[in-house]
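Both complexes below contain chain A, partnered by chain B and then by chain C.
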Partner chain A sequence: MMAVARRTLFRGWVLLAYMVIFAPVVMIVTISFFQQEIVSFPPDGLTLRWYWNAWQRPEFARGFVSSLQIAALATLIGVPIGTAAALALVRSPLPGRGAFNSLLLGPLAVPGVVCGAALYMFYVRAENFLDQDITATLGGLIAAHTLLTIPWTVRLVAASLQGLDRAAEEAAANLGARPFTVFRRITLPMMRPGIVAASMFSFIQSFENLDLTMLLVGPGRSTLPVAMLSYLEFRIDPTLAAVATVQILLVGILMAVTDRFVKLSRVI
Partner chain B sequence: MAQLKLSNLAKHFGAAVAVEHVDLEVRDGELVALLGPSGCGKTTTLRMVAGFVEPTAGQILIGGKDVTHAPPYARDTGMVFQSYALFPHMSVAQNVAFGLEMRRMGRAEREQGVLEALKLVKLDHLAERLPRELSGGQQQRVALARALAVNPSVFLLDEPLSNLDAKLRSEVRLQIRSLQQRLGLTTLIVTHDQEEALTMADRLVVMDRGKVLQVGTAEELYERPANAFVAGFVGRCNLISGFVDPGGVFRTDWGGEFAVPQESAPGKAIFALRPERVALRPGTGHGIPGRISAITYLGSLSEYHVDVSGNSFLVSMPPPPNDSPLRCLKIGDQVSLTWDVAAVRLLPFEPSSNQGEEP
Partner chain C sequence: MAVLIVPASLLVLGLLVAPMLLMLRISLNQFSPTQMMIEAMSADNYIRAVTDPYYQQVLGTTLGIALLCTLLTLILGFPAAYWLARIESRWKSLITILTLFPLLVGNVVRSAGWMALLGNDGLINATLLWLGIISAPLKLMYTPQAVVIGIIAVVLPYMILTLASVIESIPRSVEEAAANLGARPGTVFRRVVLPLALPGVAAGSILVFVLCMNTYATAILLGGPQFKMMAPAVYDQFIRANNWPFGATLAFILLAITMIFTIVGSIGIARRYKR
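Coming up: the complex of A and B.
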């Protein structure tokens, strides 16, 4: 009896925890279908007009495309760099590896606004020096977001490398494979779950980043989160909920697709 | 001809000596086992042969060719790892094909080689599976097939059975041995399990603390151990320290007196006697008196721990028949021990020998 009661209690707690986690998500998705402009319960009716509204506003469409572009390119650049760094950190007998590791993971600990402000000041100086626009350019944003992707990549790839059976690499060498062949045929495929997870995390990190990006965007060059924030300054209708719902859906699909290649529960 | 020859091989990690003065010849088609407790340097020796550890000194010859400083991929060895080290992202067939591919073998020839190797270990029906879809024993056989497929000059096995359960272990042991004999493979195997070494190897090399203590057949090591470590590590042994007095009597440290063979040289020594060479009788008056402190029934054998003046003596024998007076012996009973003096070995005295215990 006691065991049953205890198990029921435990399940109750788990359910409660999930409800707390999912409540905001469920709320946002629900609100995006409410008819009235100022949110109130119960809704006057359900509608898709906020989705239509979001679709029609150019700043969201443009922000969405920018965000996609930046996230994809930052991931493409950051993941190889982070992977190389992780390899060096885990594998080489480099002196001062601990310090390197802290340096690479540093951006995780520094608030985004601080990073953004520092980058902004750096960009302004670089602009003066190079006589070339950097802030509010696609290149400037991609470079900044690449910095966001590296710490995640280093963490995830290093974790997957640490769990990797080095005997498999030795076995390949024993069977006649030269070091580069061992890396290409054995090490890299075995690192794949870590790299895929790192790519996904990097993409999401970049795609949803607001605090760092806010300081680096300019007229005509904005990302989706920044566009959403600007919209919020003037209006608070459920259009934002509609945009957020689309975003949630997108990230959900991305995770589901990734999970088909690599079981996410094994790397995170 | 020696297919594998190690001369004066040594490996130091900084100030720590992992392996020292290892001289060993493995003849063509011979299976030699490196046996010793963990940390004795046996695995380091094997890894030097495979090329994963650079020797500090000495020479390694494979088929007469000096490979001491050759990289692993340039040596013609086939190794089976303790963890099997299968490539998790490749099918069984791809795993086995890998070595053939590295040897730039054509596709048809490669497929033929894979099939033959898998047939050797009776796994040809699982060629398309992934390693994680196989049981531990099957994975182990894939690792064997992969190493055998390249037809190596020297076959290396690093504790190949330690991840298998006891029943499977004795089965695979026989399979490996019969494969090795059928294919005439020159083989070096590392193990800490003396039973494994005794049943599989043509010759054994007992190592401790980086040094080779004795090389010989199972019988040689068991019957004529060179020192107390070998006596205690290969099989079980009663080892008692003391000295042989000029009158030809062995005096133990605790004051016991045992007869020893006539020709024994006087001086400090270790008295060694196998448990199955000791006879046990109920009551006192027939030999060395003692008291039973424990009885272990092992099915085909019974072991009696006998307390002789505070020292434990191990006696083993087949379980006595029902009508034997030995049958009703129980803990605390008085017994007397006798043995044939010819069964006694006197081994050199070593002040700090740890008698084959795992550290």
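Coming up: the complex of A and C.
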């Protein structure tokens, strides 16, 4: 009896934990299909029109496109330089390796709001100095988000490099392959899981970032999470839920695609 | 090959270290409503931040909420982590990914979900009314409890994944040996599993505590305008008050607390479990 009660309690506790994690995600997807504009239960009926409605709202349409652009470009810039840094950290006789490591993981250790506030003042000072807009521009936001991609890339690519057997590279070199050929044909393919996972994490981190971004947007240029937050300060309705569902779907697709190349459960 | 470190290092130096140094300098300036900022070298802002009752309360709320949420997350997450670590089936990687998934969905989206659950017309109130348990909606939104639930949901995946990776490294045979020698399940947990999982408990708690300290979206959306934590207070100084020196000061205090907990915690773990 005791054993049964204990097992039931344990299972209930585990279930409760996962319910707390999933309840808000399931909820937001559900209400995006509700017929009535003011959320209430049970729904009057189900519809897809809020998805169209969300796309018609300029702040969401523009925010979505901006967030895609920023995340894609920040990943394209950040992952190569982060990968290069990971190679240097793991493979070269680097003086002060520990210090470089802490420096490159820094953007993860500093709270987003703190980092955003510092960048905001830095950008405004630079604007006065250069007489050119930086805050609320695509360039300014991409630069800030590139910073976010560095620690993830360094960490994931360095981890994939550490486990590498160097014998294959030495064999290729002994057989006459030039250093660049060894890198392109042997090292790079072996690093691929780390790079793929780093790209996914970088893209998603950038796409959903709020804390760092908040102070750096303006009327000219905003991002999807910032647009959602300003909308939510007034109301929660199916239109917003539709936007959130699109973001959930995007993250889900990216994770599923990445998982086909690398076993995500082993990367994290 | 060592030069490959240069681009990334320059980026972090230029966009993180330099702005932080500028912020430190600005936090020593003084605010003026007319000129915005007067160059100075004073600790006045720091003294104001720790003596002003309003900011003492903001800091107190933030620390209290962070400690409470960390403790509750640990209690709620440990069994789930143990379960995840001990699954022996092909579902294991799927469940790991599903645990990671909400974490990557973003805080704004998850807070929105809680708004739909906890609101006056939300699912919880609607269900309780329909069942006849209550006759008027309960006020669940814009309360500290709503913020606590929202934060726990945000940080729980971090705790589960951190704990699970440590519990996985505990050989099952150790537990079986204790059980064979007559230890009851409660004793096995208390005397065997928990002590061996302590590095994970420490690492997970530090990570979660820091995340709780920096909560922004959850505090704003579920706590309402009256509920103030540190991150929204920093933001307000820049957007509403336009007081850069004081905003910089609050940001530095938040950073300092985060850093102290992270560093002291990591040194503690390293010293105790050095191999």
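Assume the second predicted complex is superposed on the first by the 244 of 268 C-alpha atoms of A that agree within 3 Å, B and C clash if a C-alpha of one lies under 4 Å from a C-alpha of the other, contacts with A are read in each partner's own complex, and residues count from 1 in each chain.
Heads up, the rule we're going with is that contacts are C-beta pairs under 8 Å (C-beta built on N, C-alpha and C of every residue); 3 or more make two chains touch, one makes a residue touch a chain.
The model shown is predicted, which means the values in this text are computed figures rather than measured ones.
Visitor: Report clash or fit for the pair chain B and chain C bound to chain A in the combined superposed model.
Guide: fit
Visitor: Mind working out whether A:V110 is in touch with chain B, chain C, both or neither, as first, second, both or neither?
Guide: second
Visitor: Applying the document's definition of touch, where does A:Y120 land relative to chain B and chain C: first, second, both, or neither?
Guide: Second partner only.
Visitor: Which partner does A:R192 reach: the first (chain B), the second (chain C), both, or neither?
Guide: After superposing on A, A:R192 lies in contact with chain B but is clear of chain C.
Visitor: Under the stated touch criterion, name the partner, chain B or chain C, that contacts more residues in chain A.
Guide: C
Visitor: For A:L210, select first, second, both or neither according to whether it touches chain B, chain C, the two together, or no partner.
Guide: second
Visitor: Using the touch definition from the top, say if A:A144 reaches chain B (first), chain C (second), both or neither.
Guide: second
Visitor: Tell me the contact category for A:P43 with respect to chain B and chain C: first, second, both or neither.
Guide: So A:P43 meets neither chain B nor chain C here.
Visitor: Give, as a whole number of angstrom, the minimum Cα separation of chain B and chain C in the superposed three-chain arrangement.
Guide: Across the overlay, chain B reaches chain C at a minimum of 17 Å between C-alpha atoms.
Visitor: What residues of chain A sit close enough to touch chain C in their complex?
Guide: Residues 3, 6, 10, 13-14, 16-18, 20-28, 31, 38-42, 81-82, 84-85, 87-89, 91-94, 100, 103-104, 106-107, 109-115, 117-122, 125, 143-144, 146-147, 150, 154, 204, 207-208, 210-211, 214-215, 225, 228-229, 232-233, 236, 240-241, 244, 247-248, 251-252, 255, 259, 263-266, 268.
Visitor: Would you tell me which residues of chain A are touching chain B in their complex?
Guide: Within the complex, chain A contacts chain B at residues 165, 167-168, 170-178, 181, 185-186, 189-190, 192.
Visitor: How about chain C: which of its residues touch chain A in the complex?
Guide: 1-5, 7-9, 11-13, 15-20, 22-23, 26, 76-77, 79-80, 83, 92-94, 96-97, 99-102, 104-117, 119, 121-123, 126-127, 149-150, 152-153, 156-157, 160-161, 185, 210, 213-214, 216-217, 220-221, 231, 234-235, 238-239, 244, 247-248, 251-252, 254-255, 258-259, 262
Visitor: For chain B, which residues are in contact with chain A within the complex?
Guide: Per the touch definition, chain B meets chain A at residues 50-52, 71-73, 75, 77-79, 81-83, 85-89, 98-99, 102-103, 143, 146-147, 150.
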